[in-house]
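When the chains are written out, they are named A, B, C and D in that same order, and each has its own residue count from 1.
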């Protein structure tokens, strides 16, 4: 069967896709950004195995994106940073979303499985174990 | 051209459709409902001519809708009451959403145009004026 | 009570807000745009009093919006033109969404009430009747 | 670093969360279900590493969910079956969503990594290797 670490990474991906696509398009301004950050985090933390969600909407980017008189814009991935921690059957997965080359890239930062941390460390890439 | 009152009612409808379909599906539990209410109201209040939005998520209905172990459900119209006030060119429109016969009905409660209130008053229904 | 024409305009606004916020954020490319147009129109046509919806996603704008290697972007109001026709108690409302000054403006094009068309005609603007 | 298989599972989860929360709440009826299925599949197939998406909206469940005169309901996980295939750096991940105990459960069906299939096979559950 799929390993617990693989299942944990799958669960982590679900939370990110959910957060992004549930809230994409939400009207936002610097004055409403704090309430939206809080709601996004608390709603996704309801999902199974989701231990913590941190959403930071960047007010400077929101202000830059407001290009009409109406004083607001619509939430996209480019306006926020997101971090999450998922726990599944003893595996901890940490994830982050940040802009890279014009694309809001969702990244696996770390997969901690039974104490063995698999972090973003290129040195581990050539060990032959298909699970390393 | 379309009257200011007609335009105001159009604007009011846009806010309701936006609120409903932006947030439908958001994971919600009694513990996360307050933050979601606040974010829904503040985000839609960003929209043009939207003076106030009041969202009450009914914790009892949320609790009833939770039918699995995961402890949350997804927001639908049946779980909340919403009121809004829109102001457009001197016209005030008040609206409300509440459940009626299994359907989350969005209603025009009152259209106040230049001081003339057109409320939900059956007595006015037979006056022949197509605009009354 | 609110006039049938006002109610019809309210209904028309609900459809627009629904369409926009339900589909904002949907991944889209020129190759997937046709299926999305069809689904957007057919889904909103389910809503009460909604007689027809026409969605045109502009492939050129989608292509311009694709600014990374992944070959797709996310649907926003700036990428499409939308027209709708709503019928309520003998009143026909025609609406359109198009970009104006960087904002996807939703417009009442025409309100036809009992044969009296109230189109976007500046000549009617000074007639004193608060409902004209 | 996180293994390719773990990254592939993460990618697979993102697609599922995206599909579910982008389209939850979409008005649907048996007559509009086919266009929605097609649009959901084609839009998510735009996402990186997503090779195929299959959405089946169950007309019988949609019809059952329609509990008012308006002839439509709003899409939820309970109304559809979804299967996906993700390919990432030589790893194939197959996933499925189906209802289990009132919850739309998203499952990893199979993770094929360098020819070694890790399927839902209970016989492998006691092998002691935390990654098996």
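FYI, contacts are C-beta pairs under 8 Å (C-beta built on N, C-alpha and C of every residue); 3 or more make two chains touch, one makes a residue touch a chain.
Remember, it's a predicted structure, so these values are computed and weren't measured experimentally.
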Selected from B-D, A-B or A-D, interface repeating C-D by over half of its contact pairs: A-B
Pair joined by the larger number of C-beta contacts - B-C, A-C: B-C
Centroid spacing, where centroids are CA-atom means, of chain A and chain C in whole angstrom: 33
Distance between chain centroids, defined by C-alpha means - chain B, chain C (Å): 19
Multi-chain contact residues (two or more partners), chain A: 18, 20-22, 24-25, 70
In the complex, chain B residues that touch chain D: 20-21, 24-25, 67-70, 74, 76, 101-103
Chain B - residues contacting chain A, complex: 18, 22, 25-29, 31-32, 35-36, 38-40, 42-48, 70-72
Parts of chain A lying in touch with chain D, wherever the complex brings them together: 1-7, 9-22, 24, 93, 95, 106, 108, 110-111, 113-114, 118-122, 124-125, 130-132
